[in-house]
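Labels for the chains are A, B, C, D and E, by order of writing; each one numbers its residues from 1.
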Amino acid sequence: MAADASMARMALRHRLADRGMDRTLLLLLPAVIFIVALFIYPFVYGLQLSFQPQPGSETVQRYGSGPFADYHNFFADSYLRDTIWTTLKLSLPAALFNVIASVPIAYRMRGRFRGKRTITTILVVPITLGTVLTAEGLLAFMGPTGWLNRLLMDAGIADHPVRFTHNYWGVLFSLIISGFPFAFLLTLSYLSGIDPTLERAAATLGAGWWQRFRYITLPLLAPGLGITFCLSFVLAFSVFPSAIMVGDPAGQTRVISIAAFHAAFEQYDYSMASAIAMIMGAVELIVIGLVLGWRSRLYRGATGGKG
Amino acid sequence: GSPSSGGGAKDLSPNSVPDNPKKAVTLNIIDVAGNLQLTKGMIDEFVKTHPKVIKKVTYTTATAPELPGKIKAQQSAGQVQIGLVLTGTDGLAAGISQKLWVKTDDYASRLGNANYLPPAAKMQELAQGHGVEVVYYPSGPLIEYNPKTVTKPPATAQDLLAWAKAHPKKFQYARPANSGPGRTLLMGLPYILGDSNPKDPKAGWTKTWAYLQELSKYVDYYPSKTSETMANLANGSADIIASTTGWDINPRALGQVPAGDKVAYLKGMHWVTDAQYGVVPTGVSADVLSADLQLLKWMLTPQQQAKAYDTGYFYPGPAVNGVTVQMAPPKSQQVIQQFGRPEYDQWIAKFPKETSLPAEQQVAAFDQWDRTVGSGKVRK
Amino acid sequence: MAAVSGGRRVTLRPGAWLVWGAVVFFMLILAGVVGAVVVDSFGTRWFTGWLPAGWTTRWYGTTWREFDLGGVLVVTLEVALAVVVVSLFIGVPAAYALARRTFPGKRVLMVAFLLPILIPPITYGVPLATVLYKFHLAGKLSGVILANLVPAVPFVILVMTPFIEQIDPKIEAAARMCGARTRVIFTRILGPLLLPGMLAAAILILVRTVGMFELTFLTAGPDSQTLVVALYYSVSSAGIRAQQEIDAMAVIYTMSMLVLLVVALRFVNPTQLVTQIKERD
Amino acid sequence: MTRPDTRISELRLDKVSRGFGGVPALEGLDLTIRGGEFVALLGPSGCGKSTALNCLAGLLPLSGGSIWLDERRIDTVPPEQRGFGMVFQNYALFPHMSVRANIAFGLRMASVAKAESRRRVDEALSLVQLGDHAAKFPGQLSGGQQQRVAIARAIVMEPALVLMDEPLSNLDAKLRLEMRTEIKRIHQTLGLTTVYVTHDQEEALSLADRLVLLRDGRVQQVGTPEEVYTEPANRFVAGFMGYRNEFELPVTSGSGAGAGKSVVLGDLTGTRREDLGETAVAAIRPEDFTVGDGPNAMEVDVEVVEYQGREQAVQARTAAGAPLHLRAAARLAPGDRVTVSVPPERVLVFAAESPAAPAEVS
Amino acid sequence: MTRPDTRISELRLDKVSRGFGGVPALEGLDLTIRGGEFVALLGPSGCGKSTALNCLAGLLPLSGGSIWLDERRIDTVPPEQRGFGMVFQNYALFPHMSVRANIAFGLRMASVAKAESRRRVDEALSLVQLGDHAAKFPGQLSGGQQQRVAIARAIVMEPALVLMDEPLSNLDAKLRLEMRTEIKRIHQTLGLTTVYVTHDQEEALSLADRLVLLRDGRVQQVGTPEEVYTEPANRFVAGFMGYRNEFELPVTSGSGAGAGKSVVLGDLTGTRREDLGETAVAAIRPEDFTVGDGPNAMEVDVEVVEYQGREQAVQARTAAGAPLHLRAAARLAPGDRVTVSVPPERVLVFAAESPAAPAEVS
């Protein structure tokens, strides 16, 4: 009997193992407990708050107090709805640029050469700047009386100051300055895991540097790049301080977090703010879902060589 | 978001609050208005002279918008750690509407009679009994200009518009929601332009909105903080900006703006006054509340109020009667002597004083400004 | 692969010129941006012209005193290091399980791990703070650390998963055959192999934590403010503040992060990995 | 080296199976290994040898069956608790550790004292002749050197059971011989039970107490080297054990179950190994032919001659046109016509339908 | 398959050297390879064989010397422009590509038409017997299967020069024999010039036109298989080529430069291969001994007997106590005392100071 029971347990174990469930999954436990304890409850709270429009708020005046009134309001009001597009217009190019630009630079940084560590450090330094210094620096450096405009005017390239700040470009620059090192650091690290022997093998098969990159390195790097893009995108999508400080927060760079901030902290309409935040999350989730869906179709596994 | 049904914040009844704390308290003060610049001296002196009431203060600074969330979190958890909040009208109003503050009026007898200046007394009414005004100033709207480029400053609103048209991008004010001078201009214009109801931004500000939209055509952009307009004035990107008494004196004293820059007012000027308050979150212990009350009372004595002259930050500053510059600390006197403007006393006496809009109308005005002026800006 | 062909001659192809050109351009812009702030923070006043009218260090003194930056820096450092260490401890094992196994419900779990990164803290910050206050964790260092862990742990998981996928499981198998238990595999085998990834994740979390305003603000007590709260305050509070003071504070902020970064990079080179040993000269 | 305290008395594999995505790589492997025995797994590439080792080691969960160690079921015990040692086919060295650290790793895991560990590592290093390379990293070693590190890493632990997956495949003949002797010596002095995968017949024959022949994940024959070599169970085993020449011919006499061992196929007389049908297959090793007249004599035309030192590998063709491989000490040249012969007891006759050594390994 | 259009007429290595961190791995390699030639590099593990191949392929920059292809200097040409094919010792398969895509990679790089490419890949696949595994990824293959993919990937390109680094090390005897034949066939039909690294003497002897013996990065001997096998240049080569028995003895007669080939050392008569000093070393292959009386007869005690199929590998000890390896067809058992003999022409005598095969490979 006992043997039978233990046999059944074993069989179950075999079946579970076949489906990938074994003791390794215990490693997920701390993270799961942590997330459940400290995130799920607050998140659910925020979620349900978004379905309870604030009495007396504009939403309620216009669309009643149904559970979706705040969402309705958001999508009905172009002033709010357009922030999605405004934000995507900033965050997608910024994230794409950061990821795409870091690949060739990281690619060049492989192998050993003098000054490599210094260049790496310098390239990574901007992540320490913080939004404030970046914004103040952009305003001071690229502002109408900043060094850059002075240079342009002294050099006769421009006859009056060029506007680099307080518009779309200002925010994009700041997203690049703060986002590039981030993407670069990740890309560089992911790249370092790829066995250089594979490229050598490709070289003996007649692949030039571009082909080696295109067919060997890039596909092996792609899963990492997918994640890098997602994280860069999320950072850029939630752009807030720089959209205000170096952007045009009432117009071109009225991003979605400004709308959320406005709802929460200027109108004190927390349920509207929650709804906007949920919409933010949903938009990001869609973009990330697309990327991760694509990623799941890629090869993911050891890139250390020997098959 | 914030839990609405926290309920942890125990309401004290006035009887349960002792005159003196049973034990000297540690008071955590949070400043969301830059108020400590004016009142820190008062508080420190209180602590020094009343060790049995407050054994130690900690200061935290923050911005007003995020404050209610933090207070609510503490209140919902029944763990209120903030003993006193120093705030402007924004934080005050947010807290009132969300029922965060102790009703100080219940303790009026302990606070004594504050003997406020008349316009300050009006500002105290905004607190609806849930806070104590500690400093006051008449604010603006004023225009500040660079005399090198603006030889004859506009004297009327129409002059200003014409000047802006003639000098595109050279007039500037910051987004009202983020800027004292910006919002003072917004709230002052209905008086200057003679709008039908200066207290009703939605229905009564027809002229103001039309004026601002017209003006907007010649405005380059709206900075998100006042100091940027100041910097632009200093570096020549702007020649006229919106200002207030404090924003005129203090930045010149700090060297942010050339000392020689001048101010002017527009015809039909009404002061739109401003004030800052001390408020107490509900849920604090009886001892802390007791200490708060003693402290607030102390801060409203004329000797302490004189410290509010500061370096012109909130010029003049004191909220109560009988405080003169001569009572202020010497450093204060010296700065006001050097960067103050004698005409201010005249102007303050001369022009009518109006309280700023109640919070709800302010929010509505800001929202309308954002939608119709800020974002409606024609791109050039 | 200049290294392969360039045994004796160092040649740069157009592609290389382009890349290095872009790098230099980026660095110049960066120097301008940083330089402008640094110069201003040391200037007496700088209305117009290439340089300020005079030089001073007074702004550093005033901000330092006003915000008690000494204490704030210590807190910032403590919070940042604690968050980095704890999030790695929780996140890396989880990333391992996600990288090595496919199991039912994995997708749901992935989304659950993604959400804290996606959803702005506006939504969950206050209820989170309430929970922490309830358990008497907030209002002090522990609360700030726990709150900051909420986005940090998922971040580690997301960054580390591809790294772990890159490592050949055979190497782990070999370690197991030598009698290494899971813990040892993490510390002695995966740890060193994942070092570049963990370093990258650590740096990024450090940066995000030090820069995380909302959650820190909501859960901090008077003795547990971090630099960013002071910095945001100095930037966006009501009131008048000398621009140079803000710049000085921004420089202090950056310098402290820079010190952490450089220290980190001294100890571990992000480009170093196993395979680099194979990069024969 | 000291004898490890734990010895195995018996290791039993009971219908061990393992598939990959539904395709079986190992099917119902039944095998009992006695303590101290040296078992070699043999079989064509892809037949499941590494899979079997990995299952034994606990690195691959079984999809069926069980493994018993001294009557304790161990197939669910995690690998690090089984206390086995393994040499991986691809070495799987720790890339971030020096050679010395790689070898010392297991000792460190077992908390062996510093000095003792040092001594044992030094011993292992000199055993695999890598003393000079102790400080190098795996990436700086040649293929053979890496392989030797892998051997040293497993052996230094003196585990009760050692699993070796083609441990000598990248070594030169001379070194291989030396290492082989060492492995044998260690096996004998320490009494380590060993399961050894090799593609080298000679290695298998000389090292192992028993051979296990696998094909497509199924056992074909288990036996002592001599049994497998001289009495292959079927045509596949014969082919694999070097009976390179196969002649499919009709059975002339001696077929049938009750008949004696001797069987005649056309003009070949051989020894029957199975029940036969109408036609049968005669399998002969190249080295069993002798040049010159004798039993089963036939005339062949020499086609290709390969130099192989003392001997030549010769490819010839019979009068009937069938290719024939033989080894010859005499100097032959392409075009020569010679008579070769082979004793009937060296002509093994299998049923034709018995599976041939697979032409296509699957 | 079609013949590639570019044929090599001569590849010349001129003092090619390569070191790692100051330690030389290859020193002054001079070698001229004729078009179509099959050259095998032999030598103990770590002697620099892979290094030499990598230098030839252009994967390792030289630290000295030059490489000339038909009078064009190519050592600075990047590997992808040399048009050489290479089978890596550790395969270096692309982990993210299927077996088919791995093999097709080079053709894709050369922009070979789809259909043609498909055909050639199919051919290569069946050559290495992996038709059934075309859709698998390297991580799903057994060791030997991976190795075969590596071979197919290089060979499908029909490159003018193929470099193979132990391409058959993980294959079983039967398959190795088949693959060996295939490699030989491809080499001959396409006239591919081949440089081949192997540790398998038999493979080297049977495949190569010429052998290059390396030791510690230096060439020891270059010659045809027969030359190297029968006339090893020194004691090291002899040891490496299977002269396992070495007896160091005083020279009794026949030393000196002018003397004839015959030399007597104690009671052994042998053939001199070098100028000798006072003492010399006699090297004898195990298989050159015969059991029974004859020239150079000696009595030995059998100590260890290894079963090796038709023959036995026997370890014995001479009366003088020296160990002696021999192979015997007769059945011997440990403890037997037998007389063995060896013809003098199979006893090669080298100077004692001539370097022995290294005990410690460095």
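Note that in this section contacts are C-beta pairs under 8 Å (C-beta built on N, C-alpha and C of every residue); 3 or more make two chains touch, one makes a residue touch a chain.
Computed from a predicted structure; not experimentally measured.
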### Task
Work out which chains are contact partners of both chain A and chain D.
C, E
### Message
Can you check which chain pair, C-D or B-C, has more C-beta pairs in contact?
### Response
B-C
### Query
Approximately how many whole Å separate the CA-defined centres of chain B and chain C?
37
### Query
Approximately how many whole Å separate the CA-defined centres of chain B and chain E?
90
### For chain A paired with chain E, centre-to-centre distance based on mean C-alpha positions, whole Å
55
#### Entry: Centre-of-Cα separation between chain E and chain D, whole angstrom
22
### Query
Among the residues of chain D, which are close enough to touch at least two other chains?
78, 90, 95, 140
### Task
Quick one: which residues in chain A touch 2 or more of the other chains?
22, 45-46, 49, 145, 195, 197, 200, 203, 212, 245, 261, 264, 270, 273-274, 301-307
### Query
Could you say which residues in chain C touch two or more other chains, in rising order?
1, 4, 48, 122-127, 131, 168, 170-171, 232, 235, 243, 274-275, 278, 281
### Message
Residue numbers of chain A touching chain E in their complex, please.
### Response
195, 197-198, 200-208, 211-212, 215-216, 219-220, 298-299, 301-303, 305-307
## Note on the structure
Listed in rising order, the residues of chain E that touch chain A in the complex are 57-59, 78-80, 82-86, 88, 90-97, 105-106, 108-110, 137-139, 141, 146, 149, 153-154, 157, 163
### Task
Give every residue of chain C touching chain B within the complex, in rising order.
44-45, 47-48, 67, 122-127, 129-134, 136, 138-139, 214, 217-223, 225, 229-230, 232-233, 235-243
### chain C-facing residues of chain B, complex
1-3, 6, 28, 32-34, 37, 58-64, 66, 69-70, 72-74, 76-79, 81, 88, 178, 180, 225-227, 231, 234-236, 246-247, 250-251, 254-256, 258, 313
### Query
Touching chain D in the complex: which residues of chain E?
20, 42-46, 49-51, 89-90, 126, 129-133, 140-145, 148, 165-166, 169-177, 199-202, 205-206, 225-226, 229, 239-240, 242, 244, 285, 287-288, 306-310, 313, 357, 359-362
